[in-house]
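These are the structures, in structure tokens.
In the two complexes below, subunit A is the common chain; its partner is subunit B in one and subunit C in the other.
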Partner chain A sequence: MGLHPTVIVWGLLAGPIWGLIGAWGLPRVYRQKGLGASGAGTVGALAGFVAGPLLLAPLWYFTPELTRRWSVGVAALAALELYTLFAILYPDNLCVTNRDYVLNQVASGLTIGFIYALMAVGLTLIYSVQGVISFAHGQFYMVGGYVSYYLLQLLTDFNPIIGVPVAGLATLIIGMAFERTFLRPMHLGQIERAGEYAILVTFGFGFFLEYTTLAAVGPFSQKTGPFINAGSFVLGPLRLLPNRLVAAAVGIGLILALLYLIRYTWLGKGLRAVSQDKQAAAVSGVNPLTMNTLAFGIGTMLAGMSGATLIPVFTWVPWVGATAAVRSFVIIVLGGLGAIPGALFGGLIIGLVQALGAGCYPDPSKGAAYKEAFGLVIFALVLLWRPTGLFGREQ
Partner chain B sequence: MRQKIQLFVLLIAVLTITVACSQPTPQVVEKEKIVEQTVVVEKEVEVEKEVVVTATPAPAGEAATIRIGGLGPLSAPGTVVGGIAMQFAMNLAVQDINEAGGVLGKPMELIFADTEGLPERGTSVAERLIQENGVVALAGEYHSAVGRTIAEVAHEEHIPVLFSETWGDFITETGYPEVFRIAPASTMVSKVTAEWLAAIDVETAVIIAENTDFGIGAVESDTKFMEEAGITVAEPIFVELGTQDFQPILARIQAMDPLPDAIRMNVTGENSYNVERQMTDLGLAPTEETVGIANQVAIQSEFWESVPNGEHWTFTLVGLPPSLYNETTERVATAYRGQFDTQPPSYALEAYDTMWILADAIERAGTTEPDALIKAIEETDIDLAQGRYYFEYTSDNPVPDDVPAFMWHQWPDPAVLMLQYFEKNQGPADAAVIWPPTYQTHGTSYITPGTTP
Partner chain C sequence: MMRRIDRRWVATGILVVLLLVAPSFLKSSYRLSVVTGGFFYAILAASWALLSGLAGQFSFAHMALTGIGAYTAALLGRDLGTSPVTGIIVGTLMAGLVGLIIGTLCLRLRAAYLALFTIAFSEILRIALLTEFQYTEGSNGVQLASLYPGITARGEYYVMLALLMGTLGLMYWLAGSRFGLFVRAMREDEEAAAAMGVNVVRYKVLVFVITSLIVGLCGSVFYHQVGIITPNTMQLLQMALVIAYAVIGGIESLFGAALGAFLSRIGLEMLREINILGLHIKFGAWRYAAFGLLLMFTLRFAQNGLLYPIINRFFQQQVREETVAKRKEPAEVQA
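The block that comes next holds the complex of A and B.
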């Protein structure tokens, strides 16, 4: 490597130390000059980390308006610097020496990211309208997969894509029935401790779904046939798995459909109105109770369709929803609770970070084992930077 | 009125959840049995407190049944499929034993507890079975990490435990007088695999293992034997159980130049199917260049649902192939197929045999007193579903220095075979036995992908 350890240690320490100085000092400088300090802490931290006094000094002196471009620019420089440091420390790592390998990891991360996002979008929709985190979301995802599986046991010659709408319909009905029976009393003010009740009742229903399914279908793993009966194919430098691409495409299509529904239809406007102000929505002729039920149903429907999309790709067992649900919680908090674009970008970020983390981590024996942890590290860093998440709003 | 109806529905749901959580198994009969047992146990604990100072169960003469504590994972993150299979086989054995007259003139009773694949849970349920349920012996368990903690409890409580399916060498390495095992140790499996790989001229290998006590131990023993056989083993890849997407890590193997000659899977349960499917789809293994060695659960029919293009995967089979089943094995296999519509895996057969070994030992001991029972288990010599059981290294014949320590109370003869599928949707009975040579069914040690034997 050729670098003295002392140089490496100081090199590693210099960035964080200057980053702390920038995060602490730059907002004060802006406030002293009577300027808006919004974003100054972030830009100061990143600028200090990237170039230390070389970038902090001109910022302190000139105090330019810190637009989003500044944040993105210094963040990109920080990422570049981290990558350079990584390349110096690990010159033989595949992520340094093999461009095609990196591209494949990025493609893999983005593909799985769209699939993650689909499930998370449903969870964030429920939260945005109801203000409730559904702890049964993973189990609806699991049920969707099984609905598709058993449908295809009956219709053996059909492509598993037909399972997606049927699973969506089944989970829509179950979700709406659950909301109507167990959550509506909460919205009618019949439950004293509504917050705790919502957690307990969704958690309990999740258990009910999981163990009832286990009793009904048994513990043996199941899987439908593939969307496309083919292994991988090569596209330029990329080796792609067609079934995952189909799953990702279904995910993108459903997210776009949801965005259209939310933005351009009367139902979507109603949902948005209830998410912003229930009383004002009621005055305008929108029934918040109906919107609550619909939002929960659409959320669980998206989870179910996500499951039906993935059962041709991954092996299915009754407890498959547990990890997926935790990942969805991470994604929606990362993206900003209640923000649908946030869930989409959160899914993509988690997918990318997991793929690159597992693929680039210097010790191959641990890269895969730490896969979920890489997502949590980014999650923690983003929340430190923006406690409301990437697209979240201040309450 | 509406509130009352909602309250009633909520109550029903909570009750259903409680019942479902307490015994997540499709065997409804067993659930009812457990509830009944709990009542009896509470009474017995009081008696024990008054009469016996230690946790030693009451003598057989005082109990209505001979109770055995069964252990296995019935909930995630444990390998539920393993726990359910073992529970079924143990119940079947108890049924057979009782139909044959029971033990010491009394019916044998199995109280099965869910260890969830969690070591701390293993400790608590083992303690509960001994201290509250008054079992005279423990049996079963699937996960080595859980087995380690159960062995500690058994040792502290001085109650014999017969492990059916915990492969970690460390289980019997401690030399505890109470601990026995009829499953092979990881080292025994690794030795056979390494010998086979060397025989088919494999020079480089990659091991993918689960990040558990079993996986880590299996990697150590695999690496040791492969290196002794002259095979270069790359840095192992550990994965978390519950992971579904393995593409990022498989891409690492795909970027190797040259590709490894073999990829060995030490990941259990349904997790292994995901890795094997993704390896197959990526064209990584099995190929002409790279041998794929699947986890032993490839014997189950679910393998084909998960890995539809899985012909030419090889896998380890513990126990005899279906073509060499004896009468007892056939009896268990028929019952197992009737229940699960699939071939019994080794851990189901081992679990069945475990109960018979304990019944035989109690009968010969004439009592359930721990020291007498341990001595009787040491003197086991009985033919069952997996073959003739005996324990070579016991208190009368300690493990010599030149024999691995895990051979203590270890059944020395579990058959470890290498099998290979060569057509889609093959059952294990049709798969080719490729190693060791004495058992070969198709006259070859390896069927190259794209060919048939």
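The block that comes next holds the complex of A and C.
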């Protein structure tokens, strides 16, 4: 590509500048014409970024009703433009030259995304029922992995899949015991400043779990045997790792089981009732305190199970939880706090972003290291821009 | 009233004199450096107490801001050959600038969201420092020159002590001024405070900037003494330790948090290994596990911390009884 550097520099500058103009100007135009300005800032920013005055001027003149279709459309255009820019800047990158490589990255991102989603669904379930973000979630995930590991040390001939239910049971019990002792007093109104207490006490419990595990098992990296011993599984242009596929299948199965539980059983109805209105639930014979404990237990169980699912895939150290926890925060905020389908989509999106980001980063050795950072950047943007997330309830 | 103030000043004076003469009794440079580290964490915990206890902003970016101060000083010293003093000044300003940006970005975010955002920020920063090894040397860290050539452990002790007293004094003055009143009012009810004429935006950002400057300053000074800064200092667990110190000391009292950090730090260091009657016990990570348990029980059963109520009892006994007696009456009338 024979583009003069000056053109590239101006191209890079023009987008953000027009974006700023759009973000600042479009809501004002809408308000001046007496129309609802919700979403105008976003659409203005993206439209300005993509096409500058070409798209801003008609918006300014016709002021169409800005439905979700508009924001999705301009966002897609922006993504396309960024990709083109990337292709111009790095013409030799594998993501530009090799379509099969991109497809493989997408497939591996989606595969791992289901497990990410499984853990995040637990966190969002706890939030939707209790209104508490558990800062110990990553440590439950870590404990789940270790329970599975030590179980398989005892039962060496078994497939690592038997670790999943056992780890789930262990973390269920730990989680419910913790909720009963430390979070229930908060719901009974025995504690001042409940919000701050919830942050600190879950954080403190995570700290305790992490150091206890570190003291008990030592700072060595460990891993169980794989689910399946087989070479990669070829499907058209895709080369998939069977071990990860099994992990993803376990994740999908557990998420489906959870959705069934929440939608069709009495327990699920109780949980949903408490998450919608505690007092009304109590009046209709659902004990909110019991539901709180159960929701926390189920949430931590899911974390533990996803830990047990991933220990045959990744290596395990006692501080593996922090990264996983941060990843779950990203996912649930992206999907909207308390929204279970949101957590599912968030998990898939983060899986994709990580795989593509790591695979396409210009310097491959750094791409893998920045894997988590790509998700975090999206997270920071979502928090600042739309804190309710994609599927969030308006507060 | 007069007697209470006298008692406070006398106690402070005694404490300061004790700390000033302590190096003569501590002797070994290992013990001196442990106490110096205690001062460092005391500043961190106290400034965290100012930010989250008094102003109600739960930030997990404290260690990251410390690291920004230290890394700025380290990179300036290494690549441009500036003196430590220049590095410290620029590092402090840099931390303040980042604090300003975070504070402004987070204005709209409520407690849990702010915590999440600051965790994300610290993690991005740590990952970036680990990855960009051609500038930061990754996990090996960057070396820093000593504060001045030929500094002794004793000199470092006095530098950190001066920093502790200076920042604590500043923070006490702030907490007692209109500023402290305003941020506490905002913590209780932001809208009510705004309705009473408090410029909420300005004070929210200001408290973030001030604490960032303080931790940037003490970070860049402290790591000049340590001699090396690595991304590991910004781990979430390090931040967890600072929070634990502050909570155990008393999150709503600057002095409580500082004392909590100081004592816990030294206590944890002493528990590293113990010799009792010839028995040699190494506690390793178990002491932190026990510390975590202590943190949780403090939160559950002593929300004001373990030290703050004791300090309060010692200094404010008469006042406390008086207010308790006054409070009882209307409650009984109502019942």
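As a working rule, the second predicted complex is superposed on the first by the 391 of 395 C-alpha atoms of A that agree within 3 Å, B and C clash if a C-alpha of one lies under 4 Å from a C-alpha of the other, contacts with A are read in each partner's own complex, and residues count from 1 in each chain.
Here is the rule we go by: contacts are C-beta pairs under 8 Å (C-beta built on N, C-alpha and C of every residue); 3 or more make two chains touch, one makes a residue touch a chain.
What you see is a predicted model; the values in this text were computed from it and never measured.
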item: Combined model on subunit A: subunit C and subunit B, fit or clash; value: clash
item: Which superposed partner A:Thr212 touches (first subunit B, second subunit C, both, neither); value: both
item: Subunit B versus subunit C, judged by how many residues of subunit A each one touches; value: B
item: First, second, both or neither for A:Ala322, with subunit B first and subunit C second; value: both
item: First, second, both or neither for A:Ala369, with subunit B first and subunit C second; value: both
item: Touched partner set for A:Ile133, first subunit B, second subunit C, both or neither; value: second
item: Touched partner set for A:Arg180, first subunit B, second subunit C, both or neither; value: neither
item: Touched partner set for A:Gly109, first subunit B, second subunit C, both or neither; value: first
item: Subunit B versus subunit C as contact partner of A:Lys269, first or second or both or neither; value: neither
item: Which superposed partner A:Arg386 touches (first subunit B, second subunit C, both, neither); value: neither
item: A:Val333 touches, of subunit B and subunit C: first, second, both or neither?; value: second
item: Listed stretches 58-66, 94-102, 130-138 or 220-228 of subunit B, narrowed to the one that overlaps subunit C; value: 130-138
item: Doubly contacted residues of subunit A, that is, touched by subunit B and again by subunit C; value: 181-182, 185, 201, 204-205, 207-208, 211-212, 214-215, 319, 322-323, 366, 369, 372
item: In the complex with subunit C, residue positions of subunit A that touch it; value: 133, 135, 181-182, 185, 191-193, 195-197, 199-201, 203-212, 214-215, 319, 322-323, 326, 329-330, 333, 366, 369-370, 372-373, 376-377, 379-380, 383-384, 387
item: Interface residues, subunit A side, partner subunit B - complex; value: 94, 98, 101, 104-105, 108-109, 112, 181-182, 185, 190, 201, 204-205, 207-208, 211-212, 214-216, 218-223, 225-226, 229, 231-232, 239, 241, 243-244, 310, 314-315, 317, 319-320, 322-323, 354-356, 358-359, 363-369, 371-372
item: Subunit B to subunit A touching residues, read off their complex; value: 3, 6, 9-10, 13-14, 16-17, 20-21, 24-26, 75-77, 80-81, 83-84, 211, 234-240, 242-249, 251-252, 254-255, 269-270, 273-274, 277-278, 280-283, 300, 302, 305-306, 308-309, 340, 342
item: Touching residues (chain side subunit C, partner subunit A) in the complex; value: 52, 56, 58, 105, 108-109, 111-113, 115-117, 119-121, 123-124, 127-128, 130-132, 235-237, 240, 243-244, 247, 284-286, 288-289, 291-293, 295-296, 299-300, 303
